[in-house]
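All chains are identified by letter, namely A, B, C, D, E and F, in their written order; residue positions are counted from 1 within each chain.
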């Protein structure tokens, strides 16, 4: 008789706020086999393009995910703008960049908290989320929404931020940076954290690249891909260096995200310094006719919005390929042969976001 | 305005494996596989590959009955897209390394993107 | 007030949320909102929980899971539907895979609107549910045990 | 010195009545302090009592009715162990009764035949074997200093035990972390290792059974802190202060570490018992048995 | 009156030695058509009853030695030994087991040398003796051994039904069982070391044949392994005899009780040599492998070897020499061998899933503990050792027979297959539960001994080492027992009851043994005061006394444990049953769930085995090396004494 | 030392005031922009139906015969699309979120706008 334990891990499981299921086959606590199952939250909203005009579909696209809602909305808008050849005002581009980077801060802090929770560091979780509330406050002050911002629209943005407010945000970020320094110090230097993350879920550069790992998951393994380098929105006008690390374990992925927090703060402050005055939107007439693969760098990595229109108000197809979907093959590889205790850590180390994955 | 560079290269189903192999050899990364219904029984499938931020899309156009070969031999992780394509569009993919046999994304309507669905109550 | 209302332990399940409401539920546990002030503990285990927080609309895939989880909770228990999706399906109402609000599968006691529902609204919703919980407890005590419904059938 | 039977019985009864109150308060303070360390307000002080009160208001939901038996046995033997301790009984007997009660908890988890309970049970066992040697060595150390296994005698000893057993004390504090289900060693029970195993051993306990388990935990806290007292028994004030400091330290450690894996738990606990404990006892042994026979 | 009971007792002793032998012979020659089961039952009853009777008349008597003329007996013994040697040689050559052959030759040579050189001149008078330890041993052998014989009746029948490929040699089997009992009685009642060696060799031989019963290749190999290791001990034993005879031509020292009291200088060398023999027989590291190999034998054989006979002979003889060993470095070495064996065997048991191997490791471990106690050999440790022996014999025999019964019914001896036994075989599961509780739970026997051992070691020289060993080994044994216990009590729904068709005599044996486990735990203070304390007193002049308060507390706990299950009848609220938590997955009756890819999984749970930490190979190697080292030190030291 | 990176923070927080907002004893966090719920002014509504069309979750229903405008707050995702697009600015975003409810219901408002020629100020919505 085999000495195995089969654990139905999820879909309802306390470490997973989102439902995903793993059939874990364990020997003692070693994972000898793992078969994932997703689809619990598939809604099929890509099909809503048949019922929502492309302008209202922004609201749907935004609700692809409650974590980087803004980036989803923006990527969709940029895609449509590319097809329709719309030139967005520069101030709008800067605002989009600022909100995108705030999204990244919010998402990474949220992730750091959940990651800490995955190895049972409750206090760290609480601290990360405490800091994150300060980012959400900025969102609410500038957009009216904490997690679903709803400020992007085709042709620009719906709301401006007053210059005084921008200045205040910039100085506010200085104090946030200090708190984040304290926080990331623990993630990077605490021995018990290192015990739980070092050499856990190791993914080599070759594997990462060919399995399609993107975002911090890929960059933690040394795959230097960051779509912001393509210069959409205002990124082309700002200075930043891509963060990568070579070890490919959970710690590296954490390290990449920790460092990205600082680069995001830096980007926002740069953008606030450079933002020009001017209009925030242009008027949009007509309907998209054509197709475009619009890509953007989400907190979790490369996002692809494929948009195809036929000149009517209803799109033919919107296809959203989210980073998590691309990272799932890597996840399966990493889970083989790990310990049960590592399962939550590894699953979270790719920062899974199932909502957008299943759409 | 910055446009992300991309190209679409229509190919035959029969050339798919060869072309994908070539991509792999040239060091392309698989960015996505996506399907679009373009006619009553016509589906466009885009295989998007990325290298240095340039997107190369191989496009095949097939019918629901066409059995297309899996590219999981070259790109192990392609199974997520191929299963998805099967579950949502009803595209038959042969030889997937991890074949969920229709359980990857379980839907209330079979092949929802392959058919027209009428739903929705009045407010 | 009985103990039940002073110690409502919650379990959260994401039926098919966009994460917006999920992270607001989690945010309610964290320092700024700290629902442990009300004795609320996020248990993650239906058998220990009194309040079932569901985010997202229900679909074919997870209706069974929702129902199983609900059935595994010990009486008395309440269900709080968090967010517009859980109430009616919201913006995704017309999607082919969405059945609608979770009241299609399990009995809902309180609806908390919002997209995403704010942590304050979630607190309000749970507080409102506590009254219902207490009423259910009394009803349960009045009913002889034998007539209680057997495991497996809800609604 | 074997205590007088009547005196012992009175003490045992006092313990049985007061320990849950004290234990519940400790749990309440623990939660409050933890919350404050996390920058939160935290629950009311009496929250643990509300929780337990609630458990008894809930339905008795089980996987198998035998769970009722195991949960009750856990409580009963935990109370017996503590009562023996506080009535001045033999430390070793106390330890065995203590272990017995835990075995019942583990068996209760096994009985449910559920993946998460099962893994919790296995992990709980690993924890038991991790801490047990150190606890036995603690009792042995006490004997070496006071020449008695009887708590009644140890507590009356005028020797400052801590001075003879510093290593054992530190070792005890470390296994105390396991016993108080504190990070970094909170592998198995209830809401601590939920990220891995949901609720571990208590996954399939609900309602009144959970209440019994929680009350047993309270008894356990008081007993475990009672052992800390023994190290300082020659001066009750210092002893109380030591208990408070020790408990605060435990909370602090809980809040400043992540959970380690079981391998690490077992290794560190055995290593601690095997080095700190054994070296300390070895030195003492040498002094007591060889130098001054 | 005086003489009356002496005669009565000697009659009983002779009866116990000879009666099983006669039964054995009758069984061997009983015709095929002849129903042998009643002979087995009657003999067993007789042996058991007489052992009890011996207790009744003998418990308050001290040491008694008996003069029995040995002349003709010696001759018979020599002849039997030679016949056996020749037979073993034949088998050894046939199976190409040359190490065994060499050992047989060496031993036969030593014995012949002894007989030729010294034996002829030595005429011992007090060949038999008797004290409380003998009573205890007699009870263990007489009651448990004969129960096992009765149990074997049913077991062997099923065994042959399940294994048609194995030749039915049941007559031989029962002959050997009873011969074994006879030899054991001989061994415990003999005062003459030459006789003891004879009986010693008989047990070796019987076990050899019984282990090889199925005649498969594995069985034969393991039988030879057991043979070689035991012969190694036999050689040492024989060497000891030669040494004694050489030292003391009068041969008086060949009387056990004289030898023991002859003082360090005379006794230490034979003590170490014979203890070495004891170590081999008690399957201590580095010789443990034979006992594990012996698991291929039918389960009653294992039960017999483990609980009441073979291995007990090993520790018995070491216990006899404990007063000599106490306080000596040699004794300490032997004790350490025992201690390390206990620690490692307990650890290794964690990594096993074969129920019989777990039991085997547990046996090895517990014997190790006894050896450790005997090696250190202070009076209170002697007390502990005897207590351990009793508790172990009772609980272990019950467990073996339970495992055997389960194996008969479910066709597996793997612990993983015993899941949900509480539903499938409720009565048996409860018995196993009690047996296991007896092995590791307070307030049952073994834990009492462990406790007493800690208290005893703490005052003994180098006791701290043993306390540490006990603390760690004790925890390890807790782990493997508890997870096994958990396995059998997990409630898997919808299982059919497999308990039908178990023969009544099997039930009877199981019931009696279960009762014994509980009773022994209940009356151990009585056993202690009536048998163990006087014995220890007589040897050491002081003895252990139990604190009355603790006894009361333990009895209260035991009582509590017995009444706790009835609490289930009075659960306050009517329970509602729900399936176990499985992450919200749909379950079918709590035993299956539908997982990824729509595949329906049976719920599979197995215990942890922690092979990386407690794997056999590594620990076994370590243990073997360390224990050989310790034994060598002991041997070098006695060489030093000789020089 | 790597073991106690967190100790500093933990000790600091235990000494300082908790970050918690004591809601409901303290008021909820709000800003001027906070999207709480859609408020309606029936006296200005010209019944143009643009809000109905532009609502992504079809929460609004306009009944021209009965002269009612109704909103299902359990469908409204508070996206503000209607507010932005309403030509006569009769919709506003109020910062107070809709409270929890035991039953789902729709809110019905009467359209009291009569004609631009004779402006009146009967406006309070009846529910």
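The rule we apply is simple: a residue touches a chain if its C-beta (ideal position, glycine included) is under 8 Å from a C-beta of that chain, and two chains touch if they have at least 3 such contacts.
As the structure is a computational prediction, the values presented were derived from the model and not from experiment.
Undergrad: Looking at mean CA positions, which chain is nearest the middle of everything shown?
TA: If we average C-alpha coordinates per chain, D lands closest to the whole-structure average.
Undergrad: Going by average Cα coordinates, which chain is farthest removed from chain A?
TA: Farthest from chain A by mean C-alpha position: E.
Undergrad: Contact counts by the stated rule: is the higher one at A-D or A-E?
TA: A-D
Undergrad: From the centre of chain D, which chain's CA centre is farthest?
TA: B
Undergrad: Chain E to chain F: how many Å between their CA centres?
TA: Inter-chain centre distance comes to 81 Å.
Undergrad: Using Cα averages as centroids, what's the distance between chain B and chain C in whole Å?
TA: Roughly 38 Å separates the two chain centres.
Undergrad: Where the centres are mean C-alpha positions, what is the separation of chain D from chain F, in Å?
TA: One centre to the other, that is 52 Å.
Undergrad: Can you work out the whole-Å distance between the CA centroids of chain D and chain E?
TA: A distance of 36 Å separates the two centres.
Undergrad: Residues touching two or more other chains, restricted to chain F: which are they?
TA: 3-6, 10, 13, 18-20, 22, 29, 56-58, 72, 75, 77-79
Undergrad: What positions in chain E touch 2 or more of the other chains?
TA: In chain E, 573-574, 576-579, 581-585, 596-597, 603, 605, 607-608, 610 touch at least two other chains.
Undergrad: Which chain D residues reach two or more other chains?
TA: 35, 37-42, 59-61, 115-116, 118, 194, 198, 203-204, 207, 255-257 - these are the residues of chain D that touch more than one other chain.
Undergrad: Give the list of chain A residues in touch with chain D in this complex.
TA: Chain A reaches chain D through residues 5-8, 13-15, 26, 29, 116-124, 126-127, 130, 190, 192-193, 195-196, 339-344.
Undergrad: In the complex, go through chain D and note every residue touching chain E.
TA: Residues 2, 5, 8, 59-66, 68-69, 72-73, 76-77, 80, 84, 89-90, 92-93, 96-97, 99-100, 103, 106-107, 109-118, 121-122, 125-126, 128-130, 132-133, 136-137, 140, 143-144, 149, 198, 203-204, 207-208, 263, 266, 270, 273-274, 278, 281-282, 285, 289.
Undergrad: Going by the contact rule at the top, pick out the chain F residues touching chain D in the complex.
TA: Counting only chain F, the residues touching chain D are 3-7, 10-11, 13-14, 16, 18-20, 22.
Undergrad: Which of the residues in chain F end up touching chain A in this complex?
TA: Going by the criterion above, the answer is residues 1-6, 8-10, 13, 19, 29, 31, 33-35, 54, 56-57, 77-81, 84, 93.
Undergrad: Which of the residues in chain D end up touching chain F in this complex?
TA: Residue list for chain D touching chain F: 33, 35-42, 252, 255-257.
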